[in-house]
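In the two complexes that follow, subunit A is the common piece, with subunit B as its partner first and subunit C second.
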Partner chain A sequence: MQEVKKSSASAWLVWLILIPIFLAIPFVLEKGISQYYLYLAIKVMVWALFAMSFNLALGYGGMMSFGHAAFFGIGAYTCSLLLIKTSCPLVLAFAAATFAAAAAGLIIGYLSVRIKGIFFFATITLSFAQLAYILVFKWRSFTFGDDGIQGIPVPEMISTDETYIKYYFFALVITVICIYLLWKTVRSPFGLMLRSLRENPERAVFFGMKVENYRLIAFVISAFFSGVAGVLYAFLETAIAPDILFWSMSGEVILMSVLGGMHVFLGPAIGAAIMVLLNTFITSYTEYWPLCLGITLILIVLFFPGGVAGLIHERYTIWRKKKAT
Partner chain B sequence: MAILEIKGLRKSFGGLAAVAGVDLEVQDGHIDSIIGPNGAGKSTLFNLISGYYPCDGGQVFFKGKDITGLTPQKRVKMGMGRSFQVTNIFPKLTVFENIQATIIYRIGKGINFFSDVRKYAAEEIEEILSMVELIEQADDMAGILSAGDRKRLEMGIVLATAPDLLLLDEPTCGMSPAETSNTIELIKKIAQDKSLTVLFTEHKMDMVFSISSRITVMNFGAIIAAGKPDDIRANEKVQQIYFGENRCSSK
Partner chain C sequence: MSFQKKIKSLVLFAGLILALAVTITPGNASGEKPIKLGLIDAYTGAATAFTKPALNGWKMAVDEFNAKGGLNGRKIEILTRDSKFKADESTGHARELILKEGVDFLGGTTSSSVALAVSEFARKKKKIFMVSISRSHRITGEKGHKYIFRGCPSADIEGLAGGYYASTMPFKKWYIIGEDYEYGHSIADNFWKGLTKYKPGVKKVGEAWPKLRETDYTSYLTAMMAKKPEAIYAAFGASGLIPFFKQAGLFGLVDKVPVFAFGLGDSVLSKVLKESMPLGAYAATNYLYFYPETPANKAFVQKCKEKYNDPYPSGIGIFGGYSCGKFLTEAILKAQSTKTEKVIKALEGLTINTPIGPITMRACDHQAQTPAFWGKTTKVPEYPLATMKDIFMTPPEKVVPSCAEINAARKAAKAR
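What follows is the complex of A and B.
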């Protein structure tokens, strides 16, 4: 019990340092350097949320989903289409989009969670996501097909026309709320259930757990938050194309989770930051970005299988043990 | 009263009859055992009783109810807990969490998203951990425990399901002689304290004879003898297949 108190005290300290930093970031970046850097910061945030949502399925639930781009894309498309085709207010469009993503998660999840084995689970989720991609790509009259949607009417309040500062705070608040909810979830009794079935589904069955139900709930939550990330992405770019449902997007969050460390809560966020920034800066020097990414990944998997955050966590634990003795 | 009753249970894999028509009764409050050479069908029988495999024929009654077609989860809920021959725990959870996960599920708090899991069921967890003598290791990762500790942790997980019937598949497998006798005492004590019925399979004869009220001997998927320890010891057929040169191989 003592330790719980101590850790909550140090948590407050971390917040005391973090809050001013997050408040200062937009002003320093946009006014100090350039607007583009603030745009990048928001992009990192959106991808971090997407990767962390995804990791609820992979890192905590042990479900290797290869179809999360579908939820991201369905979130983005639902919100954009509602704003373009109806006079629906922002809040409603936002809520509808996330629920559409969760509903897609429910359908795909229901048909997938019974499948045993990482490979088969990845394959079936991939197939469903590609189905969603084709649907968006081909259904011209409804989704504008491969033209995509340009000029999403983002409300004045959070518009990015002149400055990204307003949108930064909007995205920050939503991301922080979502991450907080995910944090509560993984630390809750439900989170423990999830980790136990990741570790050993057979044992979980023999303490009485209906494993499929728990997998499905986790999958739907994961899809819901991926949908939120999709909406944030659509507002940031103000233009979307069917590409965001393509399988390579699903692959990217997997890479982010592995790179950052899927067994540490913030790991995927770190992975997202590394990938987005490397992508941006390396592509400005060389067109062989995927080559660099590939080499980085091979090195990580070979030498730090726990990912970057896993490595930090491991060092920290060793350091704390040393300090204690 | 018989808490567990098996009638004509059958299971084949390919052409091989792993369990070929087994009848068995376990009386409430007894500690009974099933022995037999490797491949005799003991583990398969356990897997049929606990619902791990569907059976090809026959019936299983638990507490007087026919449970033949029920899922493993429903059997657990009715009070049947089992351990596995190859130890089955949650390696990357702490010892504490291993027990906690089980209890949280049992008390129906599994779908709770917002409360802090660390505060749950600490008392009951401590009780179970001290019962299986793992209280010192509560904060260790389960995966780094020694083989004997793991076996006891699994027993703890099974106890956390609050069972009435404990099915233990080779509970002392891989243990040293000292650990083995310790575990025997432990099983006896727990069964007494919690008034449990225990059915276990075993290779080590000393253990079987010292605590069983009734022993069933299996070979080639069928029962060849059943009775009190002294009767089994005197049984000629058993001596032939079991106590020959190849006495109790402990893996």
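What follows is the complex of A and C.
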């Protein structure tokens, strides 16, 4: 009993420290250093949400999806096209975009979750995602083809024209809500079932679980939140191009999860932060960024196979044990 | 500590130091404040065949400006950022360059989606953005605005120039083959517009749109010949021309029927295609190192050879970059300022002297009025690469969309 009280007290302490930090970040970065760093902070947030929603499929569902760029891109494109071509209000466009992503997740998921084996699953999701990419790329009259969409009309309330602070809070609130929902999902009985299924599908079947249904639901939830990340991305950049649906985007999000640690809830978010910041700073300094990025990734994968968050988690557990004894 | 643990902590430590070093390294903070020019382009990957020479072109113009003392002693400093050919990557760099580095001007871009995305950001931040390779007509057309300029040709100028040149030929039955992406369609549509304008009565016997980066054109080639066209127009981007003409060469296409292709005349193509470069094809580009044989052009080629080890400079690359750099530096000198509004005023209607003669930046759409050089590919003993004969320069005033057309397109885009 005392243990529980103690841990909830320390959780409160963590929140007490975290909340002021998150509130102060935009003012410190934009007023103190440069607007650019606030933009980077938001970019990290968007990618963190994308990586974490993807990780629901990979880390918890054991589904190596190579097609998550499609959901991200469908979210971004649906929202942008609705705002550009119709006078649809923002809330409606946002909702429509995330449901479009979830619907795409349902269709692709329905056709792929039955497939056993990481390699085949990756291949089929990759093919579907590339299909979406080609559709956006070639349908020039509707999607503007490879020229992409520019000047997405973002409402004044969250516009980034003058300052990024308003948008920071908008993105922060949505990201926190989404992460909370994801946390609830993985902690729920459904989440536990999903994990048991990842570890030992045969046994789960003997318990009477319908494997496909669980995997499908997880896949759709994951697609939904990827769509949310896509919309946040479109508002941040105000310009999108078909390459956000390209397979390399799916690859990036896989890397983030692996790098951060796919078996720790916040792992992919850490991976996203590392990837976005490394990518930004290295490309500003040298033309040989692929070399630097590659070496860093190899070192991390070789020495910290559980990812960066995995390492922290491991250290933390050891420390706790030591303290207890 | 075990060996593995030691390595682990070493890696961690090195990573920390590196991260710190990268994030806190201060910028240049000495002497007179330089004028900062930020160039964003695909400096890694397949496009470097064009982007690296274009960067050299920019450098050449900037060096000329700096050598003459700059703007009252202020020199231009170039900062480059790799776009990786991705739109989001480039807007990230544009933000960094403007918000953090505080650049005065932006330039560069090869991919049109990258150009449009950066252009949108430049408009918001009220900074001049000079496009040096991207061709989409939308950039200075319907998506054009006060802050965007283009010192290289646009797809509609290139297409219309082809149509104008083709109208001087006797061929009546045409077949169009093009790459199925924005540039391919844009240049083909404008070719047909130009051709039908100056020669009514021509007929299109067919068209084909193989996918971008197609590797096998055999079926397209046979289907094309079955339609018995009198001439063929190939609407490909520079990178697509390479596999197409390699296979067309094996097929003997150029010996069977006259083929017209913009971009094929560029020295990059003859450098890459080497022996597969089709001879007797009708080709064009926006700059030729062997024509016109004026002292200005010879001096330019000599400079490219000495400074950048590039004895056969290309139009898409080095000449495009040089023209852009020249426009910008001349405008800065004319305005005697680096203030955006003043430089825009100076740029509008500015005529620069280039190795191929004067080029004007049109005030109404901020598009450089570039000529095109058409001719028949051939081989001469003076040069190791294929060159062109019977060269025909299309006059810019005949092949650019009118200001009225541009305004109408912009209005229509706004109403949508």
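Rule of thumb we're sticking to: the second predicted complex is superposed on the first by the 319 of 325 C-alpha atoms of A that agree within 3 Å, B and C clash if a C-alpha of one lies under 4 Å from a C-alpha of the other, contacts with A are read in each partner's own complex, and residues count from 1 in each chain.
One rule holds for everything that comes next: a residue touches a chain if its C-beta (ideal position, glycine included) is under 8 Å from a C-beta of that chain, and two chains touch if they have at least 3 such contacts.
Quick caveat, the model's predicted, so the values are computed rather than measured.
K.L.:
Given the superposition on subunit A, are subunit B and subunit C in a clash or a fit?
P.N.:
Here the two partners, once superposed via subunit A, fit next to each other without clashing.
K.L.:
If you tally the residues of subunit A touched by each partner, is the higher count for subunit B or for subunit C?
P.N.:
Tallying touched residues of subunit A, the top partner is C.
K.L.:
Going by the contact rule set out at the top, does A:V205 touch subunit B (first), subunit C (second), both, or neither?
P.N.:
first
K.L.:
Please work out whether A:S196 is in contact with subunit B alone, subunit C alone, both, or neither, and reply first, second, both or neither.
P.N.:
first
K.L.:
When the two structures are overlaid on chain A, which partner does A:W12 contact: first (subunit B), second (subunit C), both, or neither?
P.N.:
A:W12: touches no partner chain.
K.L.:
Report for A:Y214: first if it touches subunit B alone, second if subunit C alone, otherwise both or neither.
P.N.:
first
K.L.:
After superposing the two complexes on chain A, what is the shortest C-alpha distance between subunit B and subunit C, in Å?
P.N.:
So the smallest C-alpha gap separating subunit B from subunit C comes to 23 Å.
K.L.:
Which parts of subunit A are touched by subunit B and by subunit C alike?
P.N.:
On subunit A, no residue contacts both subunit B in one structure and subunit C in the other.
K.L.:
Under the definition above, what is the set of subunit C residues touching subunit A in their complex?
P.N.:
Interface residues on subunit C, with respect to subunit A: 7-8, 11, 15, 22-23, 25, 43-44, 80-82, 84-89, 91-93, 95-96, 99-100, 111-114, 116-117, 119-121, 124, 136, 138, 143, 180-182, 185, 416.
K.L.:
Looking at the complex, which residues from subunit A come into contact with subunit B?
P.N.:
Residues of subunit A touching subunit B: 4, 184-185, 187-193, 195-196, 199-200, 202-210, 214, 217, 263.
K.L.:
Which of the residues in subunit B end up touching subunit A in this complex?
P.N.:
Result: residues 50, 52, 72-73, 76-77, 81-82, 84, 88-93, 97-98, 100-102, 104-106, 109-118, 120, 157-158, 160-161 of subunit B touch subunit A.
K.L.:
Can you name the residues of subunit A that touch subunit C in the complex?
P.N.:
34-37, 39, 43, 84-85, 137-138, 140, 145-148, 150-151, 161, 233, 237-244, 280-285, 287, 289-290, 296, 299, 303-304
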